[in-house]
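You will see chain A twice below: alongside chain B first, and alongside chain C after that.
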Partner chain A sequence: MDEINCPLCGKPNPVENKYCEYCLGYLENEESSIKDPEFSDSDENQDGLGGHSSEVEKPEWLSSQEGSISSESEPAQDDLGLALPAADTSDWMPGSSKEEPSMQDEDPAVSPFVGGGEGTESGEIPSWLNDALVEESSSEGDDIEDTPEIPREQDQPDEQEKIQKTPGSLESAGPLAGLTGLLSAEPGVARIRKPGAYSTKVRISENQQEHVELLQGLLEDEGQPKPLPRKSPISQQHILRWGIAIVLLLAIFWSILLPNEQSAFPVYDEGSAELNRLVNQLPEEAKILVGFDYEPGLVDELDSAAAPVFNHLMNQGAVFTLISTSPNGPVLAERFFQAGKLEYEYISGLEYINLGYIPGGAAGLISFIENPSGTTPYSIDGVAVWETETGEPIPPVIGIELISDYEMIVLLVDDPDLARIWIEQLSPIITNPQTLTSLVLITSAQLEPVVRPYYESLPQPVNGLVVGLRGGASYSRLIGGDQLPGKFWDAFGMGTFVAALLILVGGLGYYVVPELSRTVRGEEKVD
Partner chain B sequence: MGWADWIGALFGFVLTLLVFSYLIGDNPLFRITLHLFIGVSAGFAATVVIYNVIFPRMFAPLLSGQGSEQILALVPIILSGLLVTKISPRFAFLGNFPMAYIVGVSAAAAIGGAVLGTLIPQTLASMNLLDVQAIQAFDAQLGLRMVNGIIILIGTLTTLAYFQFSSLSNLTEKTQLQTWIEALGQIGQVFVAITFGFLFAGVFNAALTALIGRVVFVVDFFKSIIDLVI
Partner chain C sequence: MGADWYYSIGSSSEVIRCAVRNPLYPAIAIGVGIVVLLGYFLQIELLVNVRIIFLEWATILIGVALLIGVINLFIVHLNKAISDHPSRYNSIALLVGLILTLLVVGWFKPTHAVSVWIFKYIQIPIESSLVALLSIVLIYSGVRLLRRKPNLLTIIFLATAVVILLVSGPLFGIEIPGLAALRIWIGKVPAVAGARGILLGISLGIIAAGLRILMGADRPYGEN
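Right, the complex of A and B next:
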C-alpha cells in the first residue's frame, strides 16, 4: 500500500487521502467551529476548554483564522502557520465530516464533560460537576483574556490528537488498527516525521576557505622531507671542547710523565683522622663488614681512597666479610683484594669471605641486618659460610650472629641513594649506646654533600668519613704510606689547578670581554 | 704479565681510546663502546643473579633441602612465576599480587628508613647545633662548633625563606613581613649557590680522578710495551 506524508504533520498517510486522519479531524473541527453561529457570532472568548462559556472573549488566533478562512482570495492558515488550500477543504470536508464526528458533536477529549455542547446540555454529567465547571470557567474568564496566545496555539496539536484519540475513534494504522477507544501516546514520541534533507556542504566564507587552504598546505609540507641545513663541521663549541681537553690532558700527562718532587698530602682531614683513630682502637682480628656498592667507572677514585684504610686494617689483623647490594659489587670486591693494590695478600675463605649480592635493595639490606646467616647462607663461590662440614662457620664470620657483632662496618659507595639506604637502616644500631659497632664511609667526592651531614650530626650515624682521592691521601699521610694515592696525587693537583684556571679565564672572558667591547664601541661613537 | 693480561690490557686501551673519541663528537666508535658496555653490564648482572640468587636460594633448597625448606622454597618460585605473567597482557593480572607485595615491602622499608634514619635524626641534629651540653659531650671545640651551628642555622632558615613562594597578602604593596622574607631569601640564595658549587666541585673531582686513572692506565700500558721490547 502506497503512502505519502501528510503535508501538515508529516505522518505517513495512505495515498488516497491528502491529509492524515488527525489533520482531517482538526480541519473539520476548525471549519465546524467557524461555521457554528454560537461560536462565530459570539464576542465572548472561546478557547479550547472554555468554548461554551459565554462570558469568555474569543482569542485573537481564532479571529485571525476566521478572517483568513472567510477570505476566499487568501489561502487558509492552520495553527502551525501552514497554508491550507481553501478549494481542497471544500471538496473533502463534507464527506469526511459524515464519517468522523466533529469536535462540536463529540468532543470529550477537550473536556469529556464540558466540551461537547450536546453532551452538556443533555445532562450526562452530574449537576454538581456541571455547576462547578460553569463557576470555574466564569471565574477564569478574565484570566484567560490575559493569557498569552502563543502557548494556546502550541497546545493546539495536543488537543487535536486528543480529539482524534477520543473513546470511540477508530484506529486506522499500526498493530492496533481497527480498535476504538485507544489512548494516544506521547505526542513527541508518537509523531513520526521524515527527517529533513540537509546540505553536507560547509557554508564558509572566502576568508575561512583561505585559512583552510593555508592549514592544509602547512600539513602537507610537514609530511615532505626537507634537507637539513648544512652545519659547519667545526664550530666554536668544538674548538672550545678540544681546547679544554688538550689543556687538561697536557697538564695530566706532564704530571705523570715528568714526575718532579711529589706534592705533600693534605695535612689534616677530620673524617680521615677520626677513622684512623677508630682503626687504631680495633682489637686483634677484628671482624669487619665491608659493603662494596660502587660502579666500575669510579674504581680508580674509590680504590685510591680505600687502599690506605684497608692497609691499615690489615696491619691491625682485621678479617673481612664482603657484601654488596649491586650486582657489580662482588666482582669489584674480589678485584680490590686480588689486584695487588694492597700491601697484604689476603686469602679468600680464611681472611675474608665474599657473600656476594643481596637482592631487593632496602628490603634485602634490612633482611641482612636482621639475619645475616639466613639472608646470605652461601658465599659467591657457593660455599656454605655459616655452617661448614665441621659444623663451624668459616673463620671470617666466627662469632657473628647479629650485625652488631661486627666491630666495624665499612661502606664503599658512590651512589647517594645507596649511601642513604645503608645509613638509614644501620642508624638505629650505630647510634645505640649499647652497641660498639661503628659505621665508616669511603665515598666518591661527588657524594660528600650528601653524606657529610650524617657525619657532622650529633649523635653520629656515621663515625668516620674518607672522601675521594683527597681523603685517601690524607689517610695515607696519617699512616705514613703513599702507594696508590701518591700515583694520582700530583696529576690530581695539577688537573684541579688547571681546571680552576680555566673556570677563572672562562668567567672573565664571559663577563669582561663583552663589557670591554661595549666600552670600545661607546668611545668610538663619542669620537 | 701473562697473555690474558696482555689481551685484557690491549682491549682496555682500545676501548679507552674509543671513549676518548667522543671529543670529536658523537661517532659510531663511541656508540659501539657504549653498547658494548651496556651489554656486558647487563649480561654480567644476569649471571650474578642466576648464580648468586636464583639457583642457590630458589632451586637448591627445593632440590636438596628438607621438607620445610622445600615448602618454603615453593613460595618465591610461585611468586616469581606469577610475576613472569606480567609479560602477557592476558594473564598480567596474575602478577599483581607479587607486584603489590614487592611495592608494599619496598615502600615500607624506604619510608621507615627515611623517617627513622634521616628525618628525625637530622631534625634533632639541627636542634642540637647550639646545645652546649651536647656539643661538650662529643667535642671539646665548643667555640668552633657554636660558630658552625650558627652558620648552619642561618643557612637553613634563609634557604627555607628563599623557597617561600606563597603570597601573604593581596595588597599591591609588600608588607613588612614579605620584605623581610625576601631579604632573607637573598641570603639563602647565596647558600644555595655555594651548595651547587660544592656539588659541581665534587662531581668534577670524581671525574678528574677517573680521567687520571685512564691516563695512568694508558701510560702504564705503553711502559709495559716498551719494557717488553727493550
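Right, the complex of A and C next:
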C-alpha cells in the first residue's frame, strides 16, 4: 500500500488521502499534481495548499467572491484609467493565471478550505487550524517572493525543494543525519547561498568620472614635492660680502707690505696720561696685582694696549701677581710674559707669580680681595705662594696680606660684566682715602662706554684708563721708544678708514641708487 | 630631600593634601645671605670670619661644579662618539683634543712652553679668526642698513660709527677740524650717559634680586 508523508507532521498517510489523518494538513501529491490533468496551475496550486475541483459545490459566499474576483480579473487599469495588459502581471507573479486572480488578491481572512473542496470530505477544520494554515502559507509565499534574485548554485534549490516536498524522507546531512520525518527549516534560513557578487566599481557617469580624475590629479600634484627654484650659488649678498673682505684685506696688506713713514701716535689721551703719572709715582719694586680677564680672540688688541704700560712698570722695577676669574686667563697671562712682546724678561716665581684661576665669579673675587692667601694658597704650578719651606712667601708677594697692600691693581678686561664686578668689589678699597692702592684698566675699545663712567666719577674707582690700540699708542708716545702699538698702528688706521669708507659709500649707494631710479621712473610716467 | 613635604588636613574621610615646600633650602640661603650682607655693614670679627668662610666654600663649590661640567661634557660626547650620530666626528675631535690637552698640560704643567704652545697656536688663531669675521659682518650690516627706509636714528647710528672709525686711526696724518673734538664729545657725553643708565638699571636689578632671595620670594637654588 502506497503511503505519502504529511508535509507538516511527517507521518505516513495513505496515498489516496488529501489531508493528514493526524494533523489534518494537506497532503501534497506531486505525481498527481504533475500528471493529473485535472489539477491545473490555475486552480489547485494558486494557494499552495492544494487544489479544489471545479466540480465541488461552492458555498454562496464563495460564489459571490468569485463573481467579484472575475470582475477584478479583467485587465487592470492604471491611475489614469489606461488599461494594462493582463500578461504584465501574470509574468512576474508566480502561480497567477490569466483567467483567475491570485489568491494573494483575495481577502486573507477568507479560507479556501471553508465550505469547499476535499476538506469537507475529511471533516470540518477548526477555525484555529484554518488561521494557522493560512498564515503559514502566506508567510512561505512572501518569503519566497521577497527573496532577491541572488545567484546561487543550481543544485541547491533542487535539493531544498526535495527536502521540503518530502519531509518524511531520510535526513542525509548535518547533525540530524539518519533521522526521518524531520520538519524542514524555514526556507530563508535553511538555504545556503553564496554571497552575492557585487561590483566594486562605482556606477558613475562619464562626466563624473572626468571630474574624479581631475580631482585625483590635483591631489596627487599636491602630494608631490616641487623643487624650489634654484638659487644662484653666487648671490648679490655673497658678492658684497666677498667684496668687503677683499677690499679690507687689500688695504691692510698694502699698509703692512709697503711700509711708509709711520703715522704719528695720538697726541694726548686723558686716561693714558693719568696712568702714566701713576706709574711714574710708584716706588721701586712696587707690588702690582694684574687681573687677566679677556678672551683669546682679542689678545692682539689687549697685548698692544698693555705692552707699553707693562714696559713702563718693568722699567720701574715692579713685580707682579697674576690672577684671573676666567679659565683662559692664567694661560693668557703666562703667554703675555713669555711671548717676547715686552722689553724685559721676567722670571716666574721671582719677579712675577701666577696664582691661576679663581672660580666663582663675583663670590670668588670677593673672597680673594678679602683673603688673598686663603683663596689662592698655591700658584698655577702648585707652588705654595704665601708660605714656602723657609716660612717666607715668595718674592712677588712679600709683604702682601691684604689686597690694599698692593701699590697698583691693573686689570686687563674685555667683558663688561667682569669689568663691573672688579670695579665694584674693589671700589671700597680704592676710594678709601687711607689706602694708596690705585686701580687702572686696560680694556678693549668696545668696553670704553661702560668703564668710562667709573673713570669720570668722583671719587674715582678707576684711576687710569687705556682703551684699545689707540690708548696703547697714546701711552707709547708718552713713554717713547719703539713700542708694540707701532707695528699695528698704520694697518689699524688703514683698516678703520676703509671700513668707514665702505659703510659710507655702500650705505649711500644702497640709499641713493633706488631713490634715483624711483625718481626716473616717476618722471617717465609723467611724460 | 628635595621633595616637597605633604601635610594632611581634616578627618580621615576628607583629607586635603597640602604641599609645603621644604623650608631647609630657603633657611640656608636666607641665613647665609644675611650673614654675608651683615658682614659688610658690621665690622664684628666673628661675622667677618664667618663671611670669609662662606665665600671660600662658595669658591670651592663652584670650582667643583666646573669640574663636574667638564666630566659631563666628556661623557655626553663619548656617548655621541660611540653612537651612529651624524655629528659623531665632531665629538671624536672634541674628545681627542680634550684628552691630548689634559695629558700635555698635566704632564708639563700649565705654564710650560709646550702647554702655552697649544694655546698660542691653536686656540688664539681660531678665536681671532672669528673676531676678524665679525668685523666683516659688521661692515656688511652697516652697508645694508640704509637699504630699507632709513630713519633719523639709523642715520645717527651710522654717522656715529663712521666718525668713531675715522678718528680711531691715524687717518694718514690728516686732521679734520672738529672731528677729534666730536669723537671725544660722543665718548664722554652720549656714550657715558647711556652706559650710566645701563649700570644704574643693572644695580637696581641686582638689589631687587638680592632682596627677593633674602625674603624667599625667589629660589634660584633648584627648588621648584
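In this text, the second predicted complex is superposed on the first by the 297 of 527 C-alpha atoms of A that agree within 3 Å, B and C clash if a C-alpha of one lies under 4 Å from a C-alpha of the other, contacts with A are read in each partner's own complex, and residues count from 1 in each chain.
One rule holds for everything that comes next: contacts are C-beta pairs under 8 Å (C-beta built on N, C-alpha and C of every residue); 3 or more make two chains touch, one makes a residue touch a chain.
From a predicted model like this one, the values you see are computed outputs, not experimental measurements.
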### Query
What is the contact status of A:R241 with respect to chain B (first) and chain C (second): first, second, both, or neither?
both
### Message
With both complexes overlaid on chain A, does A:G361 touch chain B (first), chain C (second), both or neither?
### Response
both
### Query
With the two structures laid over each other on chain A, which partner does A:Q208 touch: chain B (first), chain C (second), both, or neither?
neither
### Query
Is A:Q216 touching the first partner chain B, the second partner chain C, both, or neither of them?
neither
#### Entry: Contacts of A:Q338 with chain B and chain C, given as first, second, both or neither
second
### Query
So, A:S517: does it touch chain B (first), chain C (second), both, or neither?
neither
### Message
Looking at A:S172, would you say it contacts chain B, chain C, both, or neither? Reply first, second, both or neither.
### Response
neither
### Task
Give one of first, second, both or neither to describe whether A:L508 is in contact with chain B, with chain C, with both, or with none.
second
### Message
Contact-wise, after the overlay, does A:N371 reach chain B, chain C, both or neither (first, second, both, neither)?
### Response
second
### Task
Could you pull out which residues of chain A sit against chain B in one structure and against chain C in the other?
241, 245, 248, 297-300, 327-328, 330-331, 356, 359-361, 363, 366, 380, 382, 420, 445, 448-449, 453, 456, 468, 470, 492, 495-496, 499
### Query
For chain A, which residues count as touching chain B in their complex?
238, 241-242, 245, 248-249, 252-253, 256-257, 297-301, 304, 327-328, 330-331, 356-357, 359-363, 366, 377-378, 380, 382, 414, 420-421, 423-428, 431, 444-449, 453-454, 456-461, 468-470, 487-488, 491-492, 495-496, 499
### Query
Hey, which residues of chain B end up touching chain A in the complex?
23-25, 41, 44-45, 48-49, 51-53, 56-57, 105-106, 109-110, 113-114, 116-118, 121-122, 124-125, 128, 134-135, 137-138, 148, 195, 198-199, 201-206, 208-216, 219
### Message
Under the definition above, what is the set of chain C residues touching chain A in their complex?
### Response
51-52, 55-56, 58-63, 65-66, 109-111, 113, 115-116, 119-120, 123-124, 127-128, 130-131, 135-136, 139-140, 142-147, 150, 158, 161-162, 165-166, 168-173, 187-188, 191-192, 194-196, 198-199, 202
## Note on the structure
Per the touch rule above, chain A residues touching chain C in the complex are 240-241, 244-245, 248, 263-265, 295-300, 327-328, 330-332, 334-335, 338-339, 348, 354, 356, 358-361, 363-364, 366-367, 370-371, 374-375, 380-382, 420, 445, 448-450, 452-453, 456, 468, 470, 489-490, 492-497, 499-500, 502-504, 506-508, 510-511, 514
